[in-house]
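Some structures are shown below for you to check.
You will see two complexes here that share chain A, one where it goes with chain B and one where it goes with chain C.
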Partner chain A sequence: MSLWVDKYRPTSLQKLDFHLSQAQHLRNLVNQGDFPHLLFYGPSGAGKKTRIMALLRELYGQGVERLRMEQMTFTTPSNKKVDIMTVASNYHIEVNPSDAGIHDRIVVMELIKNSAQTHQLDTSGQREFKVILLTEVDRLSKDAQHALRRTMEKYVATCRIILCANSISQVIPAIKSRCLAIRVPAPSHQQIVAVLQNVCKKEGLSLPSELAEKIAQKSDRNVRRAILMCETCKVQQYPFTPDQNVMEPDWQIYLRETAKIILSEQSPKKLMDVRKRLYELLTHGIPTDIIFKGLLTELGKSCDMALKTKVAELAAKFEHQMHNGSKVIFHLEAFVASFMSLYLHYLEDSVGSSEPFLTLWGQHRRAEAVGAGASAVDASKDTKEAVTCRRPNACRPPPRAAMGKTHSWLNHGLCR
Partner chain B sequence: MNATENGKCSRPRIWNLLSMQAFLKTGKISKDDAPKPTASTSGKEKAPKKPTPWVEKYRPRTVDDVVEQKEIVSVLKQCMAGADLPHLLFYGPPGTGKTSTIIAAARQLFGDMFRERILELNASDDRGIQIIRDKVKRFAQLTASNVRPDGKPCPPFKIIILDEADSMTHAAQAALRRTIEKETKTTRFCLICNYVSCIIPPLTSRCSKFRFKPLGEGMVRTRLEMICKEEKVQCEPEALKMVVETSGGDLRRAITTFQSCARLKAGEPITNQDVLEVTGIVPDEFINEIIESCKSNNYKEIENCVEKVMLEAYSASQILEQLHDQVVRSDVTNDMAKSLVAEKMAICNHRLQEGSSEFVQLIDLCCSMASIFQLHPFC
Partner chain C sequence: MSWVQSKFTDFVVQPSKKRKFERSHESSSSNDDKTSNKPLKNSNCAEDKPKWRPRVKSDLVVNSKKVGEVESWLVYCKTREQPSILLLTGNPGCGKLTTLKVLCSELKINLIEWLPQVAQRKYDPEGGEYCQSLSSIFEEFIVRATRYSNILNAMSKRIVAVKDIPNCYLRDPVTFHEFLNKYARVHQVHLAFILTDGTKVRSLFPDHVKQSLNVHSVVFNPITLKGVKDTLKRLFPNKCHSYVDGISASCNGDLRKAITSFEFASKTGKLPSKKSKSSKSENDDKRDFLDIFHGLGRILYSKREKGKLVHDPVAVGESFFTSPDLFIGMLHENYLHTFSSIHDVAKAGDCLSSAEVLLDDMKDSSRTLSLTIASCGVMTNNSAPIKKFQQMNKPRKVVNVVSEFRARFSDSNVFLDVATYGRQIPSYAQENNEWLSRINELK
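Right after this comes the complex of A and B.
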């Protein structure tokens, strides 16, 4: 008994539910017997992987579905062993090189070398090349991407590389120009509804169109999530009713509650609570960009336009700093702390404080620049002051912010 | 029966092939073998085997094929007529024919032995200071004769091509200085780069510099039309125009795009939509929608808009680029506001480069644009 998502995953390019003209293009590509390296990109749950597997099946036939897991071990120049899981069939091998962390370069190079150096002896009835499927390429380090570009060219005769990424902003231009990029946009609401109806029909269930519509709305145009939600609904209650409650992923609810806590009270005590909740999210493996996005959307709801701009600016700043640093919690907390102090002033301002808001913000920023060098301990002490103290003249830098910044600077220094 | 016949047939073919190779190498041919018809069939057999990239297939074979770069072509022609060749430094945007020019020139100068006479190193080869010291120096020190094996005269030097020289380390470049001077008798260097500012001054002063201009749209167009005819690809004139426009004078990019489209369509005519899809260019409606949402100064609208563009899987850096073009060209706001927007864009682009989340950065940019548009109302 498998999940609906796996059970009803289309297995061939003909059976895909949406982006049909693209599927036709892909078929044309495969029918020519040879294709360049490919780069699939699109948001999660748009069907990138489904398309890749369908493409491989079209290329090699049933054989690609006999998968086996393999553990591969690579040795770094510093004699460290890196273990990585791969999924392989006789014709292709799939790896997520970002699993190897900072050693992704060695994984990419060795893996391609290993599998590309073996020539197919008997090419009759088979393809001359194997396929290497690398997922989450946008998380690869720049170093690994540069290594990839050389290896890609070198072994083009014996292997084709299919890359899969969520966004291509993080992929270096050299790789983009060597691949045929294939954009997989998220399906529209109607397409999701159609998919859901289809799945339910195959299961022998009747799905009211209102409920399907509701699920599609809540799924963020993510087919996988939509089908999972639909299955959850079925488990909860069947027959379906149009006004049935649709379960959201619990981290979404959790994130929303966290935002509510931040808005309810701005004090060091609450900041501690928020920190606990952030840790909770992080330990459950929620990616930080989703946390930032979620917080930004939720916090933005109860601000006016001017403040929203400021919040967006803050989020952008700390999100960026986070990528330079290595401890994400600092930067998340820095964002929350600065938002708290910003929001507090905003509230004060709206009840009619004498101090104009903008000059306050100016002081804030200046102080922050000075305070950036403050040691971590001072910084955390400052937090409490800054958040509790409502006197404008005693306004200190948002100290978590300072800490976040110092942290990212430190890291930067170390890297160079 | 059939099989034996095939076996009989294929053996003479192999022999012919071998003799063809010998012929290519020595320039001589013995009378008794290589009857013409079999030679042509062997050529035919070879051709469809590997589909080569069109970029390689249609690379200029001679210096005369190089388009639009008059100065360098005239210098190289003089050299072919017997004059001396200076050290060269080619610079210019990608896809303007820098590498093609020098390779074509070498082919003409040295004929069949051009493989032995050139050393080509590009950024993907390891090019640290060690390589410069060992490989380049050793190659440079070899002497070269001034006659070809077939008796024709040829210039008595070798050419070292350092492709993508701007990505060489400064130390490696510094190590080159003396080598260039010392080995002038036997070796000419050709440095190729995109940005001449990344080459250290001592090197630039040792070479004669040639700037490669971006190709004009007409030029790119005729080239593509030629390929179109040669490869029997059907293409709507609109789509061809689109390829030319998006290439921005980069012929390689234009040809690659064109081939990708042709591969995807497999015989059907190429349309505008396909070109957009392959190049990853964001359709103008989306860009205009973003600008409209910024003008409305409504956060909800901005958020929806950004969310939508992200779900369509357009890349944020591409959006930034096009947004920038649109804002700079448009007359919705004054110069002050434009410069402010450009500054914000620069920051966002930098952050994106360092791996920030696309959604958050775009929201930030749009919000700032909205507030800038508010402060500087449209004239």
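Right after this comes the complex of A and C.
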């Protein structure tokens, strides 16, 4: 039995649940005839892949749904064999080149060459190009991206490339300018609730709207995660109750505990413990951007606004360095160390004021801090993206009036 | 008929070739009598110090136990027919070959030494000019040196010493093992390999090879400080001895280096009498030999005298120019133990992070810069180092346990969500048990 996520994935552009006007644009794009290279981007769980598959179906019809998994082997110049899993139909091939690690350049080049050198078998009834779908383009090395740029132009007669990425800040401008960039924003909470209700109706279940709202809140505006959460809830308890427990991802809880450790004591010894936990996260394959974002969100809850901007700045700096370097632990740890130092200064400064003051801070900070901190990483890296990404947050009520003018101004500046 | 080569005259030292053979008790051929008449001596080998080379066992400064081990092996070879291999390892200049030579001459054993050479062009009447591969030259040499006895001293025992194993074997140790299996199992073949590098030793002579081929291994320690001093004093009785301390301290048990540098100093007339000069040059010399733990210690437990750092962080960093990844990795893994204040850690961590970014650039200049930033950053920011013994750890390699399963999904975020929740959904978990069960919970 497949998961609900796969079972109820919309298969055509007409059946999509949200971003309907965009779907119409995509349909027009297909009908118009001149099909460019595309670059889909947006936060994870917003429906990029669903839209790409629906688009392919619009282009080629039912045929694209007959998929086969194939293992392809590439040989690097140093005679190392690189195996890559590909998913292909007669009309398209899907690859995640970042699986090849540092050898991604050779994979990108060879793959495009191989599939672009053969024409479509029967060009009369269908498109004269094939589609190559590359996922996680933002994790491609710069080398591979430059190789992609050249091959993209060379084989434009026989193939189109669809790229899929979470953020385009890691994509080189040369590629951005060669593609039609299509942003798929994360759905709003209401949209997620609607999707959940829809899925449950098809399953023949009744979902209380409170629970649907709760799941939507916890899903981080990620439809995939929301549906998975909903299915887990069904396994744990059915019929649903409105105040039912919704399982959070274990790494999120783990990150929260890590943040607690960081806040509990600021010393090299504690940093050692944190390092162990960071290693644990890395060995479990938790992406580093999630670690950074998660830590920043949790740490931000205990900071006042002035401190929060500083922390966000630190996180932005070390995340940037992390993308330039190769050993992520150096930068993660440097971020934690810098935060500890900053936070200790902050605590020492406020030692003069009374203890209740501190706890008071803690309480109302928790209410509004979450979104602003995390988005700041994006904001300093790629302002434009963050601006559109966080738009639904902007309607959030301003924080307590006591926080003062600067505070609310900052919050708006980050979110709008 | 110039392309016909006599198989007997090939042991001749030809000036164009680098290949030389030493035979202790024979003159190898008529046209080379000038060089080979003297026992244990090479005409144009600059590294040898014929004057100072010890002639008798009592002159050796090597630990007598080690000498005894080598001697017992030689005696074993002399009396038995079984094939055997001796493996001498130790730092350069600690007297491995010298010990072997001295003992061989005392025991009247014929020592044939393989010397490195370049693949040379040969003339083949059918195919024209061709290059003989180094490994085939080496094999040919071993066969001839072990199987065919020289007419001049047919009765004496032979031992073949190999100091520079051809590079092709280092690249591919399996071929070396095949070679040994082919040639070293024959009766009366006694080979002595001399190696300095520990990692090479492990790859060329792993345990199963050692057992199957009857390998005796003797590990030589560096010459003791006292040994170096005594030797220098004995060899140069009439020279200024104030310099001996400096040189013997800086040579790190490398007697050959000590003798060469002493000789150089005396030849150029730089034998100083002032103490200050000698201590300075001692420091200069020592920098090259800083081993990694020593270097890490200097940086982590930064020593200060009157507010000034005793060791120059730039110099310490530069001495690890050849392996900056390892050095910075080690530094990062171990620096936390020695810091007492988190504010210092923050500064040092920032420096290490920048250094790591620079390290990714393969340019020489950025690697040096990276080393400098890392060593200065850790050393100068540590205002109050904790001086307590801590075991140094290797940099941990992050092995992503889930990467092999990730390929089932189109991107890593999908994988993360499905792996987290799929486990909770029984029908899915059952179907995908083989990979889901291998992902452990976060601890």
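Basically, the second predicted complex is superposed on the first by the 347 of 416 C-alpha atoms of A that agree within 3 Å, B and C clash if a C-alpha of one lies under 4 Å from a C-alpha of the other, contacts with A are read in each partner's own complex, and residues count from 1 in each chain.
Here, contacts are C-beta pairs under 8 Å (C-beta built on N, C-alpha and C of every residue); 3 or more make two chains touch, one makes a residue touch a chain.
Note that the structure is a prediction, hence the values are computed from the model and not measured.
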Chain C versus chain B on the shared chain A, clash or fit after superposition: fit
Which of chain B and chain C A:Ala316 touches, first, second, both or neither: first
Which superposed partner A:Glu110 touches (first chain B, second chain C, both, neither): neither
Chain A residues touched - chain C or chain B, whichever exceeds: C
Contacts of A:Asp349 with chain B and chain C, given as first, second, both or neither: neither
Touched partner set for A:Lys308, first chain B, second chain C, both or neither: first
First, second, both or neither for A:Asn324, with chain B first and chain C second: both
First (chain B), second (chain C), both or neither touched by A:Glu213: neither
Which superposed partner A:Glu136 touches (first chain B, second chain C, both, neither): second
Which superposed partner A:Glu153 touches (first chain B, second chain C, both, neither): first
Which superposed partner A:Asp273 touches (first chain B, second chain C, both, neither): neither
Per-pair minimum CA distance [chain C against chain B, superposed on A] in Å: 10
Shared chain A surface residues [contacts with chain B and with chain C]: 324
Of all residues in chain A, those that touch chain B in their complex: 22, 25-26, 28-29, 31-32, 34-36, 41-43, 46, 149-150, 153, 167-170, 177, 180-181, 183-186, 220-221, 289, 292-293, 296-297, 300, 305-306, 308-309, 312-313, 315-316, 319-320, 323-324
Residue numbers on chain A that touch chain C, as the complex places them: 1-3, 5, 44-45, 49, 84-85, 87, 94, 96, 99, 135-136, 164, 166, 222, 224-225, 228-229, 231-232, 235-236, 247, 249-251, 254, 266-269, 271-272, 275, 279-287, 290, 318, 321, 324-331, 333-334, 337-338, 340-342, 344-345
Residue ranges of chain C touching chain A (in the complex, touch as defined): 329, 332, 336-337, 339-343, 345-350, 352-354, 356-357, 359-360, 396, 398-403, 406-408, 410-418, 420-422, 424-428, 431, 439-443
Of all residues in chain B, those that touch chain A in their complex: 51, 124, 253, 256, 260, 263-267, 274, 277-278, 280, 297-299, 303, 310-317, 348, 351-352, 354-361, 363-364, 367-368, 370-371
